[in-house]
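One chain, chain A, appears in both complexes that follow, with chain B as partner in the first and chain C in the second.
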Partner chain A sequence: MDSIFGLQGGDFVIIACDGSIAHSILKIKETEDKILKLDDHKIFGISGEGADRNSFGELVHKNHSLIRYKTGGYMNLQETAHFVRSMYAQAIRSRDGPHQCNGLLGGVDSDGTPSLYWLDYLGSLQKITRGAQGYANYFLLGLLDNQYKPNLTKEEGIEIIKKCIKELQTRFLIAQNKFIVKIVTKQGIEVITI
Partner chain B sequence: MIDFDPSTFGLAHTYQKEDKDEINTLALPSAPQVIYKTLNGPTQISGGNKLNNFKHGTTTLGFVFKEGILLAVDSRASMGSFLSSEQVRKVIEINEYLLGTMAGGAADCQYWLAYLANHCRTYELKNGSKLSVAAASKFLQGILIGYRNSGLSMGCMIAGTDTTGQHLYYIDNDGMRLKGDIFSVGSGSTYAYGVLDNHYRYDLSLDEAVELGIRAIYHATHRDTASGGVVRVYHIHQDGWTKVHDGIDVVDLHYRFAQQKGLVGDGDEAKQRLF
Partner chain C sequence: MSGIFEYNGGSIVGMKGKNCIAMACDRRFGQQMSTITTNYQKVFKIQDNILLALSGLNSDIHTFYALMEKEINLYNLKENRKMKPTTFANLVASALYERRFGPFFVTPIVAGLENGKPILATYDSIGCKSDLDDFQVGGTGGNYIYGACEAFFKPDLSPEELEEVIGQSLVSGCDRDSLSGWGGVVYVLTEQKLTVKILKTKQT
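Presenting the complex of A and B:
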């Protein structure tokens, strides 16, 4: 039931997530941050139930740090995305089965190029300019397609995300009140709570 | 060429390795060998032949406020429609600075919280400093992720104090670990949340917080058939924890609260008459 959605602009990437954790009919928490910071210019928004989101996120974060340490300190977005995909793919026919979570990986390379990748629990990887995970797809893809244009500015991007949040709050059956929005630019990661 | 074996990462593997090295005294439970045939009557185990399908009704709650953390729990244990006990201790005293609450399977909670207590003490002896609440709850999460498909049933809160302050974590058998300010767990949790969300403020005084905890548990026990017995209240502060109330009977609370409103408490507020 998590909503994760994101957008890539001219020089930034935004990923937004809802903050709620639900357990049967209860909302246990409203301020959970589902967007993981992999390093100063990469974020990974993960959607999944229970422990899967948390444990896969930690797995990615620690392995990413380990590989960077082993190989000299920097991985660009394309390398990171393929690495995360390989972690998904290695698990699909393992004893415990696939990691039950999907994700949106976004960030900005050292030369300022932004990228956004859509990752699936079975190891699908697609580079996209706008997208969502979960039920948010149904409500937001139309809106994101309609509002998107090439080389968006950061302010335009934030406005589109606000429209997406408003749309979810209007039409989605599940009340999602708090959203956490993270924006990556060449300067770093900015966090807004809406 | 990057060369790593993903099966060496992950929390389940770490837990299993550590277990063999350090902890020799507590043996892991093995699966039961005998399936008991179900009987009719009060001893019938609900859910058919499954031994681990006990219904456990509970209300436990905890919240963070300016004086620390307050934990309040009920004390009823039920097996289907049979009340097995009205005096269960659902707050488990892990050590002088950590408390755990029990919801779900009593045996699972008691065993794994005792295991956690063992681990905390071993860490303290080996490293010369106490394990933080975050680390203790993380350790428990690792265990529960490892046993994810084995049918454990636990919805517990770990609350404690360390050098960074007082912290409250919710951990369940799916392996989810959440840090938060207000949690209520169990079959009566929805009723408790109603009262808790309405009156909670961070700047409650200790007396107000205790009163809120007691009221929330009382309301949950009144409406939830699987919660009841007595209310036990604990307070966690920077010097450890204090047991504020060891057992206030919810029946007494019912009449006391009714009297405060000028009512008798016999449930006849609507004054229904048949003729």
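Presenting the complex of A and C:
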């Protein structure tokens, strides 16, 4: 039921998530942050059951830190995306089975190039300019395709995300009132709650 | 999961010509009915004279391609020479069979030029190699492309003609298959060079 969606602009990446945690018909929390900060210039929005989301998120975060310590301190977006993919891919044929969560990994490299990657629980990986996970796909892909153009500015990107949020609030059966939006630029990560 | 091979969709085709080979693939990556991206590469250059096309589950395409890259890099380092296309074709078969009881959900096509002679091999997901035909298909649109291939193909086509024939076969096939399409990419390999061309199919 989580909505995770995002887009890549000229020099930034935005990932947005809904804030709700629900158990059956009860909404437990409205302000849950489902976008994990991997380092100062990388974020990973994860959609899935709470436990899977948290445990896989921690696994990615800690293993990412470990690899950086081992190999000299910096991993760019492409390396990180492939690394996270390999964690997913290794799990699908393991005893415990796949990690039951999907994700959007985005960030800006040290040279300023933004990238956004779409990852799913089987280990599929695609570099995208705009996309969503879960039910949000059905409502937002058309809107994102229509509004997107190359080299968007940060302000234009935020406007598009606001339109996406409005769309979900209008048409999605499940009421999702609060959204957390994270924007990564060369300067760092900015968080807005809408 | 009804049809793990149909989950992400996609089609590939390979053909032999006169001292040249061609490979083509569509560009769609989807999740059943939903399309995620339209620039998904399914043909990989393993070596200057070997191309590997993979169709099936996206995750296994990444994994299997990485595995083949690793094998060929290790081979180059250990043997200090390039791998022959027939050797690589055998390697793919045995790599697939190694996972006999937990297979990779991919159907590969290998194409290459060995001393100017074209090599083409296709496999099922557990490594049964078939290298007898002059054209091979794979993926969800495979059967549609077969029909077009049978109609257009002739033996010993020149690189330009081969590019035309494989392009037309791919486009006709993908236009009918709902899980393939959103553009096509054609690779033609001759002794001298590899040319890559992007084609338009019906944008659905």
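One rule holds in what follows: the second predicted complex is superposed on the first by the 194 of 194 C-alpha atoms of A that agree within 3 Å, B and C clash if a C-alpha of one lies under 4 Å from a C-alpha of the other, contacts with A are read in each partner's own complex, and residues count from 1 in each chain.
Keep in mind that, in the parts below, a contact is a pair of C-beta atoms (placed from the backbone, for glycine too) under 8 Å apart; a residue touches a chain by one contact, two chains touch by 3 or more.
Please read these numbers as outputs of a predicted model, since none were measured by experiment.
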item: Overlay on chain A: chain C relative to chain B, clash or fit; value: fit
item: Touched partner set for A:K62, first chain B, second chain C, both or neither; value: first
item: First, second, both or neither for A:Q126, with chain B first and chain C second; value: second
item: First (chain B), second (chain C), both or neither touched by A:I25; value: first
item: Comparison of chain B and chain C by chain A residues contacted; value: B
item: Per-pair minimum CA distance [chain C against chain B, superposed on A] in Å; value: 12
item: List of chain C residues in touch with chain A within their complex; value: 8, 29, 31, 34, 36-37, 40, 57-60, 62-63, 102
item: Contact set on chain A toward chain B in their complex; value: 21, 23, 25-26, 28-29, 31-32, 49-51, 54-55, 58-59, 62-63, 66-67, 70-71, 87, 90-91, 94
item: Of all residues in chain A, those that touch chain C in their complex; value: 85, 88-89, 92-93, 118, 120, 122-128, 131, 137-138, 141
item: Chain A-facing residues of chain B, complex; value: 2, 4, 6-7, 9-11, 141, 144-145, 148, 170, 172, 174-178, 180, 183, 189-190, 193
